[in-house]
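Naming follows writing order (A, B and C), and every chain is counted from residue 1.
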Amino acid sequence: MIGDRPADSAALIAERPVEKPPAVLVKDLDFRYPDGRHALRGVDLTIMTGESIALVGPNGAGKSTLLWHLNGLLPEYAGSTAGHHGGGERVRKRSSQAAVWIDGIELNAKNAAEIRRRVGLVFQDPDDQLFSATVLDDVAFGPLNLGKSQPEARRIAIDCLARVGLADAVDRPPRHLSFGERKRVCVAGVLACDPTVLVLDEPTANLDPRARRQFISLIRSLPATKLIATHDLEMVLELCNRAILLDGGEIVANGLTRNVLGDPLLLEAHGLETPLSVKFGRV
Amino acid sequence: MRLKLAFSGGGDRDEGPLDRLDERALIAFAFGYVILVLATPIGAWRPLAIEAIALAFVAGFAGVSARSLWDRRSGFIITFAFFSIMAATAHPSRRELGLAAVAASLLAKNTLALSAIVALVEIVPFHAILAALARSHAPKMLLSTLMFMDRYIYVLTDELDRMRKARTARTFRGSGRLDYAILTSLLGVLLLRAWERGDRVHAAMAARGWDGVIRTLDRSGKNL
Amino acid sequence: MHIPHGVLSPTTAIVTEVLGAAGLGAGLWALRGKERDRTTARMGMTGAFLFAAQMVNFQLYPLPISGHLLGGVLASVILGPWAGSVVIAAVLIVQCLLFGDGGLDALGANFINMGLIGSVVGRAIYAPLRRAIGGRRGVLLASMAAAWVTVILGATAFAIEFAASGHFQEFVPVLGWMLLVHAGIGVGEALITGGIVRFVLLSRPELLDDETTAAEAAQTPVRRHLQAAVAGLAVACAVAIFLAPFASRFDDGLEWVGQKTGLIEEKPSPIRAPIPDYEFPGVPRYATAAAGLVGTLVVFGVGMALARVFARPIEAAVKEGTPSHAT
C-alpha cells in the first residue's frame, strides 16, 4: 500500500478532538448488498477540508457504493424513512455501525438531513438528477426542501445557475439542454444546497471535449472539498492533489496523485492505464 | 412498430395576454367550457355555433394556432366518427332530427371539447398545470406520478427508440415488423431500466432533502 | 379503447366520474404516507414506461387487429393493486390532456374500465391464482389470465356505460362487437403482459418476489377470502358474458329494467313513421362464444409454453427441501 497518510491516522483524528475535524472521515466501512455482493470491505478514508481527491478503480470496484454511503443513501435509504410513521419502506437493520463522519458530524438517521445538505452528490447521468419540469424548478428543489422562502429559493437558484454559466437557461425544460448543459444544471442544483463537500460520480463521462474542458474549469472554480470518482485520469492529474485506488471494495493505494498514477504496474494490476501525460513526462 | 410522439403544448407560440392570468383560473375556465359544450343538447346548433365562435376568439386571442388544434382533431377523427355513428343510430333524438344531424352534433361537441383542452395545454404548459394543481392541494401521490411522467416520457421513448434501432440493425428482415418475442423483451428491458432509473432518481431526490412534499416555485414570482 | 368526449350521457358521465374518483381516492388512501418512499419514483417511471410501451403496436396474427399494451394488470403485478390503479389514472390523465385521447367527461369511465378493473380486479384474479399455481410459473400464468379476463370485463363495462347513456336497445349488439374485438385485444394484452413478466422473472426475479411477498405478508385472511370471492365473481362474469347472447330474453329484460327505472323514456313520436328499434347490426351469437373459447385456449396454451422455462430441475427442488414449490 502506498500511503503518505496511513489509515491509522484516521482513527487517531476521530478520537482526538482537533480544532477542525476532517471534511470526510470514513472508518472501517463494510457493506454487502442484499443480493450478497460484498461491495466494500473495511474502507478507511480521511479527506481534509479543501482537498481534491480522486477515487479511481475499475468498474465494479465499489466507487459508487462508497459515494452513496457518504450522504446516507446507502445502506437502504435509512435516512429517508427514519422517524416516519407506518407504511414506509422496510428499514433493514445492518450490522454496520456508524462509519462515516462529515465535518465531524456522525452520519446516522438523526443527522441524515444535515449531512445531505453538507454533502452534494452529482450523479453520473444528469437525467437521474434533473427530474423537474424546468431548470429553475430543479435548482430550487434543494433550497425549498431546506425551508427557504420562495423569493430566497429563487434568488439562490438564479445565482447558482449563473455560477455554472447557464443564467439564460432558467425557463427551459431539461430535455432541451445538451448533455453538458444538463450536467452543469446538476452541479447548480447541488450548489444550491450550499454543500461543504462536493462528491462527483464520473463527471466527465459522455462529455465531448469542449464540454469536458468547460466542466473541468467549472469544478476547479468551486471552493468546496471535492471527491471525484472517475476513469478520466488526465482530469485527475489536473484537478486532484491526492488519488485513492479502490479495487474489490478495498483501498489498494492512497497517496499523492503523481505517485499513484505514476506507478504503471499498480495501475495495470487494477485495470487502469497510465495517463499519456505521465508516460511522456509532461507532469 | 411506430414510435411517434405528438405532444400538444410547449410549442413556439408567442406569449399572449392570457399568459398573465393565474393558471388555476385558466384551467377552471377550460374545464367549465368543456362541461358547457358537453351539456349542450343535441341539435342545438345556435348555442354550439356561439360556443365555437367563443373558443375561436379566445384561442386566437391567446395566440394558439388553428393548425395545432386541427392536428389533434384529425388524429382521432376516424375513431370518433365510428363512435358518433354508433351512438347516433339509437339516439333518442334521432326520431326528430335524423341520423346525420345527431352524428354531426356529436362530432361538433366532441371537436369543441377536444379543441378547448388542446388550447388549454398550448397556453399553460403541462408542468404549469401540475404546479397549479399542487398549489390547490391535489393528491400528492397522483401529482408526483404525473410529474415524473411529464419529465421521463421523453427519456424512456428515446431509450426505446435506441433499443429498437440497435435491434433492427441486427435483424435481417425486409419488413419493419419485429417479432412478438423480441418486442416483449425490448419492453422488458425498458421496464427494468425505467425501474432502476426510478431508484436512482429517488436517491438523487433524497440527497437533496426530498421528504414527500412537492415544492415548486410560483410562476407568478417571475416578476420579482 | 378510450371513450372520447361527448359519447356518454351527462348522467352516466357524472355517475362514472364519481365512482372513478371514489376508486382513485381509495387507491390514494391505501398509499398514504408513502410519498417519500421509492414507490413514488417507481410509480412515475412505470407510468412513463406504460406510455412508451403503448407506442409499440403489436400485430395479432392472423387477425387483422393490431393492439398495444393497456398495462393495468402489469402495473398491478409489479406495484400492487392500488399503486397500479393510480399509475393507470395518471396515464389516462396525460393521454387526455396532452394527446386528446379520451374525453374529460369519460375520464371516470375510462379509469373504471382500465384502471380499476385492470389493476384492482386484475389483482384479485391474479393473487389467488398465483398462490394456487405457486412459484414463478404462478406469477406468469396468473398475470396472463388476469390480463385476459380484465380486458373482457373492461369491454363489458364499456358496453354497460354506453347502454346506460340512452342506448339500452343497443346493449346486446354493442356488447357483441366489443367482445369480438376485445377477445383479440385481450389475447394480445395477455401475451404482452406475459412476455414482459417472463422477462422480468428471468432477469430480475427478486423485484417481483419482493413486491408479491411484501403485499401478501400484509394480507389478513379476511382479505384473502374477499379476494378469492372477487376473483370467482370476475371469472363467472367473464364466462356469463360470452354465453349471454344465448339468453334470448336478455335484451328485453334490460329494456324492462330501463323503463322501470325511468332511464328509458318512451316518447312516441307521432310525426315520423315508426323506425325499427335499432339497426345496429348484431354479431352472430356463436361468434362471441367461439371467440371467448379460442381466446382462453390461446392464452392458456401460450402461457404454458412461456412458463416451461420455470419448470425447476428436480435436484434443485430437493436441495431446498421443497419438493413442490406451491405454497
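We take it that contacts are C-beta pairs under 8 Å (C-beta built on N, C-alpha and C of every residue); 3 or more make two chains touch, one makes a residue touch a chain.
Quick caveat, the model's predicted, so the values are computed rather than measured.
J.: Ignoring chain C, what connected groups of chains are left?
T.: Minus chain C, contact groups: still one piece.
J.: Based on C-beta pairs in contact, work out which chain pair has the most and send it over.
T.: Looking across every pairing, the one with the most contacts is B-C.
J.: Need the central chain here, defined by C-alpha centroid distance to the all-chain C-alpha centroid.
T.: B
J.: Quick check: how many Å separate the C-alpha centres of chain A and chain B?
T.: The computed centroid separation for chain A versus chain B comes out at 39 Å.
J.: Based only on mean CA positions, could you tell me how far chain A sits from chain C in angstrom?
T.: From the centre of chain A to the centre of chain C is 46 Å.
J.: Between chain B and chain C, what distance separates the C-alpha centroids? Give it in angstrom.
T.: Each chain reduced to its C-alpha mean, chain B and chain C end up 23 Å apart.
J.: Any chance you could list the residues of chain C touching two or more other chains?
T.: Expected reply: 32, 34, 36-38.
J.: At least two partner chains per residue is the criterion; list those residues in chain A.
T.: 77, 80
J.: Two or more other chains touching the same residue: where does that happen in chain B?
T.: 126, 147-148, 150-152, 155, 197, 201-202, 205-206, 210-211
J.: Applying the document's contact rule, which stretches of chain B touch chain C when the two form their complex?
T.: Contacts found on chain B: 1-9, 31, 34-35, 37-39, 72-73, 75-76, 79-80, 83-84, 86-87, 89-92, 94-96, 106, 109-110, 113-114, 117-118, 120-121, 126, 129, 139-142, 144-153, 155-157, 159-160, 177, 180-181, 183-192, 194-195, 197-199, 201-202, 205-206, 210-213.
J.: Which residues of chain A touch chain B in the complex?
T.: Contact set of chain A toward chain B: 68, 71, 73, 77, 79-80, 113, 116-117, 119-121, 123, 125, 127-134, 136-137, 140-142, 144-146, 150-151, 153-154, 157, 173-175, 189-190, 193.
J.: Of all residues in chain C, which touch chain B in the complex?
T.: Touching chain B: residues 3-7, 10, 13, 24-25, 28, 31-32, 34-38, 40-49, 51-53, 55-59, 69, 78, 86-87, 89-91, 93-94, 96-101, 103-105, 162, 165-167, 169-170, 174, 191-192, 194-196, 198-200, 203-204, 207, 265, 267, 269, 271-272, 275, 277-280 of chain C.
J.: So in the complex, the part of chain B that touches chain A is made up of which residues?
T.: 10, 125-128, 130-131, 147-148, 150-152, 154-155, 197, 200-211, 215-218, 221, 224
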